[in-house]
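For reference, chains read A, B, C and D in written order, and residue numbers begin at 1 within each chain.
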């Protein structure tokens, strides 16, 4: 069976694994106070052109989102998110468990606009029952979104301008950042991301490492005592260097970007094959996740050789599925799938 | 100025005040361990025909909602509510501050249906990412709703059947319970309420007392250690007897019901007057809150003598307002308002 | 039976009750936006000589403590308190329920010293595992303490100097503030209290009102959005004016102080009577709570006419009891008790 | 430099690394739904002789402690722990951040007794202010303790009997379980551990793996929905199989136990060398952590070649240090240190 079910089905990229092997017997201090974390942080700051940023290495996405958000908000504040945002739907209420409401906005293609954020903020501001409603305290978006779509540079710039105007820190969830930046449809660079938000993270788990997310705090006001909150949330890895070693490998010779690029190319090839067969594409994704509505019959045929993610039955009986490529996808696997699609 | 702005603009009903005066010099134990609380609890249990219920006296609505909900849910569970529910909108995230997501359902007239609850539950149940989403753990409704509407006995029966089937405790917020039960359009009695849920509260703050809400826990499984959670949430009043004294007065000679009945009658009279003038009624309320869309001009005229609650401007320029009667509304005030409406 | 069990056994002072009666039919806006709250706040600011302070009216002590503390701390911070502090022992973990550790210091007579606070802070500061331990974020004391003792002006000044030096806001729980300030052994004035901390509260529940605590926020940095956090914690009373009316009465013609003064005098008279009989006094209390170790026999005799608070059996069989006077204590009751003590 | 600073300075045991390498290209489902986790869980259940236990793989200790404790307690309950317990001191208030108080007991050698637990429980039970104090809801111990000491089988049996009698689930933190079980002074087996508590975890991070703790839930009542709470707390690793692969290696051919055994032997050899030089041993540790009070001079000499953990200066000027061996310690390193101690 070939897995196109998700982008975390394999282990780590061989170069990452090799780095773990060659450093395995080293002895270092724990909790990220080691040369590998320092080196990785330095490379990330350089790649972002943010020499003064703080870089912290956490383990997974839910943990990273709840740690960052908890560190920013006061108790009466909530985080604005697309209604389809990961924090709103798929984290078992981690943000609420930290005491905060997720203030959801209807999102087209998983994206929220500067105007929506401003409207949400102003509604609260002019609400005669202000004090009785949760105060918007920050904005969360993901890049790419849950639907695989991308904010344009213009959209992101407008969004961040509004956030600054309203004093709402902007946090970008980059669980699949590599797949976003490497899309041919993306007009945003890593430096742009770093310039257009207050804090973001560079996803490792889905982009070549065994696990790990690198939080980059750009805004000075958000840096204070972040490590305490990491520790409290169980996000301070004892052998912290495991994260440094992996990100150091990923940010050496642009490995992170190179391995994501092919994945996106493959995903778009698969999409094209489905489109040519008249299969409905369910989201305007331009990244490594693609969503389709496919009949029982075709799904059954393809499922003999491939594993996809099944989401749910549509009212008309078709199946809403996700096909996901990753840095680990092999060209021959992709070509084989495309051939099988064509012969449906 | 006459206040029709809300149902908590005045002090307490004279008989409640008198009870406070005549008992003022008594000395009793604190925290509700006194004869007045016992007597009030007894009368409430009798009125509900629930001899085995637990009755607890709390101070206000937000506190009561968050205490009850916190006492029931495990950390990964959320509470199902109408999207317009008080806990979802107007409690500054009190439920989230207790760690729980409010799972909102689109509501018509502020009411949710048995079918919606079942669908929400089943969606979670069959979700392939179960474990990654908040688990529905209980259902919250208000009677009357935020829109002043009422569940019929049939609707409530169906809802509770589904709740029992799915093992979801049903909690009824009765902040304005008296105004609901005393509506001529209501086919539900207090005994029905007690029979058709697991826990509910009888609102005092808006129905004749200075403050206070009486929680009635019907389901044995929800009784354990409720007092601890009250204390932790700041809901255990030191001079707890103040609550007992007031509810004892309200549940003597059916005072609670009598004083609410007129308020509802008045509200429906005001509604009729507006309807006759062609003013749009904004919710199917059959209780003491009525909602209207009124022009700037008419609002200005009426605002010279009356205080209403202004919610917001409609896109067409009209004003969305609430007119609220209460146990303290006087017939002459109501008749005066009606006359002024007619002469607009 | 005469109650010396606690200082919340009676209703409110007659003048407070009268104020509630005469304002009962008034109609005002809710949630403290009314003239009575304004007037009371003004009088309190004048009494404190703090024209720029914010004054908020809350309902009870546990609620007030958890609201104030939650509003100040970030998630990884804790509140320093005497191990015997109310927040550490008698609030069912309300502070922890808000997410924060209570960092307890051993206290003599319920008091903590500037030196202890500094030591606690520095230990954390130099801890090689800093980041793994809770960061001290503020200091909580009560005046008088749980043991009925008082900080001297010098002690309080030193404590506050250290707090300012370490950037730790100092919060004074004044649940029994009146009984503290009116002790003949007290060298601190209300103005001193306001000058020597960042936020404090003036207890009403135990000092003449039905309920209510007036929070005075002196430090500008702590004022922002306090009302939101009150609402979220269920501390924003719908008929907020009830609190304003009561505090307005208490702060008219120094009623608050006058009624507390006699209570302290009585308590010290009772103490003297016990001392003369050789009964061991269990704390250096100079306020309205007095603590004694008394034999079974004597306790049984006195308990025929008086209600005391029984704490626990001492190892030697004596009973640790508290005798508490209040603004409601009558001279004849006190004299009767003293006579009965003398004739033991 | 040779590290005796902690037991998480190196990577993973070579066999663990090898397992990660050979499985790296496998594609599996995420979040622990894979054959490696199944296999590891099966081996652990067999090693514990608990066929019906649930086994969950989490990432680190703080995360595991807060997830387990949060899953068990109701909001008003606290967890009993030694005052020196990891959850009480070194987790930045993670338990409090989850809403719960840590109820600490004075501990000798880091251990608490059945009698202490019963006393704490009974004090609460008979407290006249019950309801105002946190209710003991479970008991936490670590094996070995923070001081490196071990509960005897008799002590543990008595403790668990009391826990069962009082209906307090007993949770054993086994972050260093291997070093405990493999001490020559230990009379408890892994099967005993599993029999004498409700839930415990087998530490991987400090005992041979890159990271990972295996929670074993023995008591059926504690199994429900544990995965939800893991996810909410960020403890559900996307590539969950990384944990399965590692624990599978550790529980193949008793690797886990073998590699811990030498570490303990080495630690006791180092202790003996210090004792022979008259250095004061600071805790009765019989496991891989040893604690000493050593002069500035001797510390300076040894620090040229070895890294120890410095805790703090004792009042007499000596340094409180920890020397820690691990599965990665090499015999020649240990012998070298011993020789250097002897020649001091």
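Rule of thumb we're sticking to: a contact is a pair of C-beta atoms (placed from the backbone, for glycine too) under 8 Å apart; a residue touches a chain by one contact, two chains touch by 3 or more.
All figures in this text were calculated on a predicted structure; none of them were measured in a lab.
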| item | value |
| --- | --- |
| Most distant chain from chain A, judged by the mean position of its C-alpha atoms | C |
| Contact-richer chain pair [A-D vs A-C] | A-D |
| Whole-Å gap separating chain A and chain D, where each centre is the average of the chain's CA atoms | 33 |
| Averaged-CA centre spacing for the pair chain D and chain C, given as whole angstrom | 42 |
| Whole-Å gap between the CA centroids of chain A and chain C | 50 |
| Residues within chain A bordering two or more other chains | 75-76, 91-93, 97, 99, 131-132, 135, 228-229, 231-232, 236 |
| Chain C to chain B touching residues, read off their complex | 1-3, 5-6, 8-12, 14, 17, 20-21, 23-30, 59-64, 66-67, 91-94, 97, 205-206, 210-211, 228-229, 231-239, 242, 307, 328 |
| Residue ranges of chain B in contact with chain D within the complex | 31, 70-71, 74-76, 98-99, 131-132, 135, 225, 227-229, 231-232, 236 |
| Touch list for chain D against partner chain C, complex | 75-76, 78, 89-93, 95-97, 99-102, 126, 128-129, 131-135, 309-312 |
